[in-house]
Every structure is written in C-alpha cells, then in structure tokens.
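These are the structures in question, set out in turn.
Heads up, the next two complexes both have chain A, just with different partners, chain B and then chain C.
After this line comes the complex of A and B, so read on.
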C-alpha cells in the first residue's frame, strides 16, 4: 500500500529536525561513519605512527583470520564460554524467578538481595572474585572445609576460564531473573487452575505450563545472553591483566580485537576485520531470534 | 498458588541458599575492607575482622593521590552524560512519536538497526575519530559519543505514543511553541520514564570499562573502573586496600538503588518487552 506523499511545511521540517538534531549528529559521527570507516579499515593495513596511513590489502585481513592460531584459540574459548554460560544462566534465572514467584513471604527481601550483582560494576565484581579465587583465598578454604581440593584459579590454564564462567553466571543470572519474573506475573492464574484440575503437580505445572508460556521471554533472554557472552571482555582483561593468559586460556575474541587494535603495531585493520566478522556472527544470532519471536513483537 | 508444607520448605531452602551465594562475595569484600594487612595475609576465613580498622579507607586516599580525582571524573562523566541522554533521547523519542517531518520513518528504522551493532565494530574507528578531533583524554571524548542511546530513544518513543494529546493541544492554544510545550508540559510529565532511563544510563557510564580503557591513557583523566584496575596493579597483594576502594566505588549505585528501587525493575521489564 503506497501512501499519498505528504507535503510538509518548512516549519514542520525545521521543528522535526531541531528535535532530532543531537541524535542525528551522534548517529552520523559516532555510529554510521565509524561503521563505514570500520569496513574501510578492514581492507587495509593501518599504520598509526605519524598520522594514520592506509595501505590497501584487499581481503588479506580476512584470509589471515583463517590462519591465525590465537584467533582460533580466542574463538574456541569464546564458544566454550557461550555454550556453557548462556544455558546455565538462563536456567538459573528461570528457576530463581519461578521460586520467587511462588508467593512465599519475604519475596521482596530476596529480590533485593538477588539484585546486588546487577548493580555492581564488572570491574569491582572481578576484583572481588579474584580475591576470593586467591590460592590462599575464601573459595579454596571453603572447598577444603568440605574435603575438596583447591585450585590455582587464576594461574592454572585449565580452570581460569571456568573461574570466569562461574563468576559471570553468578553475576548475570539475576538480571535475567527479573525479566522472567515480570513475565511470570503476566501468566493468567486460570492457566494454572486448569492444570490443577487435570491433577498436575508442581513440577508438571512448571514444565508443561510455565516453561511453554515463557517461550518468547526465553528466546529473548537467550539472545541477550548470546550477545553479552560473545562480547566478553572486562572480566578477561582484568583477570589476565590484558594478556588473555595464563597460556591464552582466558583470551576471548573481543580481548584479541583489543590487543590487535591497541597493543600491537600495524594490526588495526586486521582487528577491524575481526570485529566485523564478530558483528556478523552476533547479527545472525539476533536475526534468528527476531524471526523466532516475530509473532511476539507484532503483538 | 497454594503449596503443601514440604514444597514450601524446599522453595525456601532454594531461596535462602541462593541468597547466601549472592551475599558471600559482598560480605567477604566488605569484611576484607575493614581488616588489617596482617589479617589479610594470614588468610583466615572469619567474616568479622579481628582488628576492625577504618584505616584502609583513609590509606587509599593517601596512597593513591589520584583517587579523589578519579571519583570526580567518574561522577562528572556519569552525571553530565546522563543529563544529556535524558534530554536528547526524550527529544528524539518525542519527535519520532509526535511530530511529522520528512525522513522520520527512515530515521526510526536507522535507530532500530543501530541497536544491533555491537560496540566492537565502532570501537576502533571511534578511537581514530576521537584522535583526529583531539578528544582522547578528554571529558567530551567520553561523553559526546554516548550522549544518545538508541534503546532509550526507542523507549521514549513508546512512552510518548501513549501520551495524552489533549495536554499539548491545550498548551499550543495558550501560545506555547513545540519546544516550549516539550520543556514545560511534556518533560515534567515524563518523570517515571526519565527516572528508569536515568538509572540505567548512569550505571552504564559509571561502570563502563572498555571505553575509558581505549579513550583515556592519562592517569589524571582515569575513571574509577580504570583507576581501580591500575590500583590493583600497584597494590597487588594489599587486598584490604583493593576491597576498600571497590566498596567506595560501589556505594553511589547502591545509594541510587535504595532510593529508586522500583524504577530499576521498571527499566529491566521494559528491556524485556523490546
């Protein structure tokens, strides 16, 4: 359906663009231009010394990506991280929300407590966990108390990434729990009543009523989780002092992009290419989610 | 939902166990910030300090002369950035909801598309653009690129779509211009939406680690997350100092939360409905 072209008065145009001006300025200078610039950079070798100079290299940066061992390690670490953290935090968020929604006394108190990690910055949380992960620290002591062996959490390549996973599941689940909780409160009681008449117990109601009703929210939570986990950076950076160590075990894609862009010389174009590939991966995931939950967004 | 006794007990056990799991890191951090270095080195696991001391909170300001400056930088950037966001996101959201002008639809689609661009793509070019502008190591370099936020433009648009038209019509009869109507009538009535937005924008600026890491290299211009990371490097085993500094850093957001608790939930719920 094509609408009749509307005529605008000069006043309307001026008014509309006055209101939009700050947004248009930032969009143009710090988002649209950078995206085009990033595409340009990804086809060039960039030297920063003495003002940026660009040397056209065609698809070299993208080809190099396939042969870069550190990129493979970073990708593998990121995938491991995504595959474990996203389901774990989603499940934890769902269970906590369902438990909180059961109408027990003190719900408000628990909500406030659970929300604390969401309020705290990643830098502070990472420092607190590094202190707890200390070889002589709280976590190893607690493990020792129940007869389990301690780990060199920060120094052992086998456990450094799981240490970050544990920390981030703990710190992001409550945020998603809040989203679930809001959705749970929108499920009409009549649905549960019907299930009750059919003789469903608590777990049956959870699996056969709650979980299906929450499907659209779950897909949203999963995609938000995917976007967030693919971009893991702060925690790895602080944990490893920017190196991605020990032995590249906490090296993530974004940390590697950062290193190539700002720590190594002459690899900025390569870093831009890597960032574009990451963006495409995330974009595909987002589009898939949009497609799955289309009926939801249309209301 | 009614449940039997045993079911209730299990639910309470889950709730309490997870509350403990959430609280332990914070309690441990608070307790460490009041301990002496001696006690920290011993590595005992008592949550109540043997020699309770406030000295760490004094020492961090003495040992790290820039600490107050970092605190100021963080506050300045977060507060100015939040005010600009509130203003500009609302203006854009209002225009997209209420005004008619050419290119409105394309702008709206553009803003929705921007929501999907991960920050890593624009991070490198932004660095080069800020470098060209001479904005590295400046407040404007930290604030201007983030003075609008596509998510909240979208949120404000949704808010203004449901805003009663009659109020604006009355205002225009009284001879107010659109800008006048917006500032005098519309914005004051948008307080709940603004409050939810303010909290999230403020937290975004306050907690941001990556942007300052890239834009700022001058120690005087550090924000707290960056300063904290440097501080940790300097006082590597002085966990009593590091934890005290972390607590100072966490306080402002906790205070915000204490006052604006309900807007947090509102803001998150909105994110879920996007």
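After this line comes the complex of A and C, so read on.
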C-alpha cells in the first residue's frame, strides 16, 4: 500500500485537485471564509456602516454576553423549545412511521398526506397558523366547541412559545418519519419471526425489537432535531414580526443574533460572538447526545 | 504518452478554465450599474417602501413631471417591500444603495451619525425656501448644524371616534384625558372596548413624557422614572381596572385601526394613514376625528419621513434635483394632493386646505405642538425593550415601575455594546 501511495505523480494530484476545485472554491468562499470572518468579527467592535471600522476588543463581547438579560431569556426560550420539541417530534415521527409500516389499507395515501406539511414552506405555514391562532380563529373556535377556554395565542406571552412548538412539531415530524420509515423497512423479518416464536406480543416486539434496531437512526434524528431546533428563527421571526415579542416570549438565540447584527447599527461583532457561543452550545449538546447513546449501546 | 511539460500545460489550462468559470459564476451575482441609459440620460435610483396603489400612482405622477422638466435625468423607482431599514443598511454597507431614498425620522439620527448621508445645505438655493417647512419636522433631519434630508410628508395622531357608539352612549367627544377615561368606561359593552391601544412606545411616547419625565436622557434610556410611569399609568388603569381598553390582538385584529374599523373599539389614536384605509376597507363606518385629549396641555406624536441622499451617490447633482423637486412646492403639491399624506410645507398645506378638512383638520392642528417620534440614535433599542416589558405590565403580569426598570437596565446594557 505504501508503495502505491508514493506513486501519485504531480499529474495525478493536479488532476484530483482540478476535479475538486469547483467544490473547494465554493466551500472556501461560502463556508470556510465566512466562518473565519465571523470568528474575527467576534473579537471586535464592528461598525460596517459608513466605511467599515474594526476595533479590537478582545473578549469584551463575550463578557458583555454573560450579563445580557435578553441573551439569557433567548437561551432559556431556546432550551425550553429544544427540550420539548426534539423528544416530541422524534416520538411522533416514530409512531407515524410505525403506523405506516404496519401494512394498513391506504398506506400510500397517508404517506403523502403525512408528508405534506414538510413540503410546505415554513413561512407560508407560519402565516396559515397565525390565522388559525387568531383570537377569532379556527383553534379557539374548536376549543370553544368542546367547552374549553380560548387563548390569545399571538398576544399572550405565556402561550406564544407553545404555539410555535405545536406548529413546529406538526411540521417537522413527517420529515423524520420518512427517515424512520426507510429504516423500518430495513429491519429483517427474521428478527420479528424469532420474537414471535419467543412469544412476544405487539408491544414487546415494538419495544424490544423495533426500537433497538432503530437506534442509529434515532441518534441521527435526535442530532438533526437538536441542530434544527437550536437554530429556530423563521417561525418566531414571522410570529413576532421580528421583535421576539410578546414580552420576549418568542425570542430565540438566532433571532437575537439577527436583531443585533442587522437591527442595531454597531453590534455586528457582538452578534458574531453570540453566534459563536451558539455554535459551541450546539456542539456540546450534540456531543452529550452521542455520549449517552453510545453508553446505551454498550449495555 | 504526453511529456511532462505538456501535462503541466494541460493541467494549468484546465485549472485556469475552472477558475475562470467559477469566477464568472460569482461575478454574475454582482451587478454593475450602468449610470447612463441608452439615450444618454443620467439614471438615478429612488428607493422607498411600497404604498397602496393610489399612493404609488401619485408618486409615479410626480416622478414623470420631474422627468419632463429634467429631460436629461431618468428616475428608476425601486420598492423595498419588507424590512426596509435592514435592506437599506445592508445596501449602504455593500455600496449598492440608491442615490435618493426615504428615511424615517426615527432612524435618522443613527444614519446621520454614521456619516452615510450627504449634507444637503450646499445644494440649497434661495428659491427652495427652507423656512417654508414645519420647523420641528425639518429639525428631525438636522444634525450638528447640517441638513441631511427634507421631510416629504408627515402625520400626527388624532382621536378617531365612532360617531354612532358615542351617540348611543350619550358621550361627548372627550377634550381632556380624564374625559377620555370616563368616556371609555361608558363605551365599553357587548365585546366593544371604549379605547383601543397599541401598547408601543411609538404611540405612547408623548404620554410617557406628559408628566415631566424623559424617555431618553443624553442618549441613555431613562424611562424608569416616577414621572414616566405616572404618565403611562392611565393606560394601565383603563386596561386593568376599568377594563375599558384593549390591544388589537385581544379582539383578533392586527392593528388599532382594524380594531376600530371592525367596531371592536369606540375610540383609537391613529394618524392620517387611517383615513384612506377606513375608506377602502370599512366604508360604512361613521366616524369623526378630534385633537388628542389634553393632559395638562395639548400634545400628540408626529411621524415624518424625508428624502435623503446617499453620500456614495455618483450623480449627486441629479439626485439633488430630484429631491429639490419632490420636496419642492410643486412636487409636494402633486404628492399630497389626494390627502394620502400631509404636506410638510406650510404654503402647500394652506393651498390644499387640509386644515379645514373635517377629518384631517385635527391631524393638521397637531403639527404645531406635536412631539416628533425621534430621540437620538438609540431610541430603536429603547423602543424594543420598552415594548417588551410594557406589554407585560399592560397585561397585568408585573407592576409598571418594575417593568420599566427592567427594560431600562437592558436597554442601557445594549446601548453600551454599541458604544
């Protein structure tokens, strides 16, 4: 093998890189350079308007971040959102996939129906939900019909975030459902047969065969869910018209980053620092998730 | 078998080809504005937000008149549909902003300080008549003795009241704030609120300062004072004690004027924009306007927008001629002729006679004593924090003073980040 490696000539290396060049170029320009630039920005006070000026401030932005009450509220909202939405959408995706895989009539029809929310643009979806959440809207009417009190979904700080959670669970679960569905069809029938011979009932088969077999997929779904939910932006942006209101209740970390970067004039560096911290938080959450799921597989 | 040299050459050629290809893809994104049109006219770009069809027509009419008088200039009207300031700032940073654009007084201090606007004093000629503008509105666009923009139009707030509801309840149009509170109580019944409130600083600023408090002091938020909360207390009393006030989304409306139009509020404080809106959307409603009820003395808010020039503009002379025409007596007369916007020039206002208009009279009367919605470069930050915390006080979730203290603390922290 080592001998072969030495054989690469300049010609081959050049050829290889030439083939990769468009991809490398695109990656460098649109991903790597912006990341480096964001890191650079986060240590500076940046004034982009009126001729860019960069004023090195060291860790100043990060120190201020620790004392920023709105950043704390945003992080807390985001964590609440992640902790509720990720398990809920994962569970719902699994249940939907299992029902679709059970060999019922009209399976294909339901597969399409379930998947429709994912195909809809999230902006359109949010606008539709905002109509439904209106004080005189569909959801309050339905609640009224079964004798429950309605809510001011858009205006009450206590229910605005749950309103977004419900909407998002409903719209993202189907995407993960398709991933589960593919994985479910990969589980060999022989495993189920063996379980049947051992006398396992439906729930035992689901819990002791299906769920462990799906573990790698679950891990993927949870990580993708974590990353996606930590980056919640568009729904709360549209919901609150960009303010994160009512009373900061729909303010998420990414929305706050956006506000600092584009609404205020001289806080681009601070926004970059916040983005960097968010990236680290997501990294830690992902690593924790991986650690836990690995520990379980050892058992 | 190719020799080494040829291989290198080929490799280099393909490298070059790919690089050029990628580069040409990228450069497709950046636009090279041609400054001259095919027939040799200078093209200048005018950016603004969109209006309703009638407003758009009026603006296009004004631009056409300008082009007729200045055959060497072509105006390209560019509409920024949403998030105007975000788009504008991004374009200013990227160097692709229009030559002339709208600027709200509220955002003006930030841009004037950043030095991205062209001072206009040196272009102004005697016959432009700067004295003709309503002074407070012009001052909103002056900074360190320089004028950066000329207000194109404005609106104040006035009391809009539903005539039928007031008649039914036997209530006179309130003249003082106490009368308004009493009237609101009597008007509240059957799912109708006496007073529709937008719990936002932009609408409540004059109330906040009505008892001698200051919302901003030396570019720092200072609205947690006793005086400011006293000024705002009446709104909370109406909402929480009398239950005679509500915000639009409590009745399923998007704005104060929609709430009024739907007959869910008997009185609201709104501006000139509400008049065409009501005519279009709720033509059957019978309403009147009056000056904002007094709190000690007369006061209201004034909102104004100016035409300003980009400092990086390549055609400053042409851009000035456009601003000169649009904010001049003739252009302003065309633009404000239908009453969609109120003229900032006293002579035009007089000529068009809006002061005697039954609906617009109250709005025009406010111009002489109104507080302009502007307070230094950090008012936008103060506003965001104020609105957040004030809303929870408005809903009765925390005492007003405490809410304002929290908002002030956070606002000042954010201002510090900016400095």
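In the analysis below, the second predicted complex is superposed on the first by the 266 of 299 C-alpha atoms of A that agree within 3 Å, B and C clash if a C-alpha of one lies under 4 Å from a C-alpha of the other, contacts with A are read in each partner's own complex, and residues count from 1 in each chain.
Operating definition for what follows: a residue touches a chain if its C-beta (ideal position, glycine included) is under 8 Å from a C-beta of that chain, and two chains touch if they have at least 3 such contacts.
Predicted model, so just to flag it, every value in this text is computed and none were measured.
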Next item on the list: In the three-chain superposition, say which chain, chain B or chain C, touches more residues of chain A.
Entry: B
Note to self: Once chain A of both complexes is superposed, is A:291 in touch with chain B (first), chain C (second), both, or neither?
What the structure shows: neither
Next item on the list: Determine, under the contact definition given at the top, whether A:136 touches first (chain B), second (chain C), both, or neither.
Entry: both
Note to self: For A:183 in the superposed arrangement: first (chain B), second (chain C), both or neither?
What the structure shows: first
Check: So, does A:262 touch the first partner chain B, the second partner chain C, both, or neither?
Finding: both
Next item on the list: Could you say whether A:234 touches chain B, chain C, both of them, or neither, answering first, second, both or neither?
Entry: first
Notebook entry, point to check: Does the superposition put A:69 against chain B (first), chain C (second), both, or neither?
Noted result: second
Check: Which partner does A:12 reach: the first (chain B), the second (chain C), both, or neither?
Finding: first
Notebook entry, point to check: Is A:47 contacted by the first partner chain B, the second partner chain C, both or neither?
Noted result: second
Notebook entry, point to check: So which positions on chain A get touched by both chain B and chain C?
Noted result: 15, 18, 22, 26, 29, 52, 134, 136-137, 262
Notebook entry, point to check: Inside the complex, what are the residues of chain C that reach chain A?
Noted result: 7-8, 11, 14-15, 18-19, 21-22, 26, 83, 85-86, 89-90, 92-93, 110-111, 114-116, 247, 249-252, 377, 380-381, 384-385, 387-389, 391-392, 395, 397, 406, 409-410, 413-414, 416-419
Item checked: Interface residues, chain B side, partner chain A - complex -> 1, 3, 7-8, 11-12, 14-15, 18-19, 21-26, 28-29, 32, 43, 45, 84, 87-89, 91-92, 94-96, 99-102, 104, 107, 110-111, 114, 116-129, 144-145, 147-148, 153, 178-179, 182, 203, 206-207, 209-210, 213-214, 224-225, 228-229, 232-233, 239, 242-243, 246, 249-250, 253-254, 257, 261, 264-265, 268-269, 271-272, 274
Notebook entry, point to check: If you look only at chain A, which of its residues touch chain B in the complex?
Noted result: 6, 8, 12-13, 15-20, 22-24, 26-27, 29-35, 37-38, 41, 52, 95-96, 99-100, 102-104, 106, 110, 112-117, 119-125, 127-132, 134, 136-138, 141-142, 170, 174-175, 178-179, 182-183, 192, 202, 217, 220, 224, 227, 230-231, 233-234, 237-238, 241, 254, 257-258, 261-262, 268, 271-272, 275-276, 278-279, 282-283, 286
Margin query: Could you list, by residue number, the parts of chain A that touch chain C in their complex?
Written below: 10-11, 14-15, 18, 21-22, 25-26, 29, 47-52, 61, 64, 67-70, 134-137, 152, 154-157, 242-248, 259-260, 262-267, 270
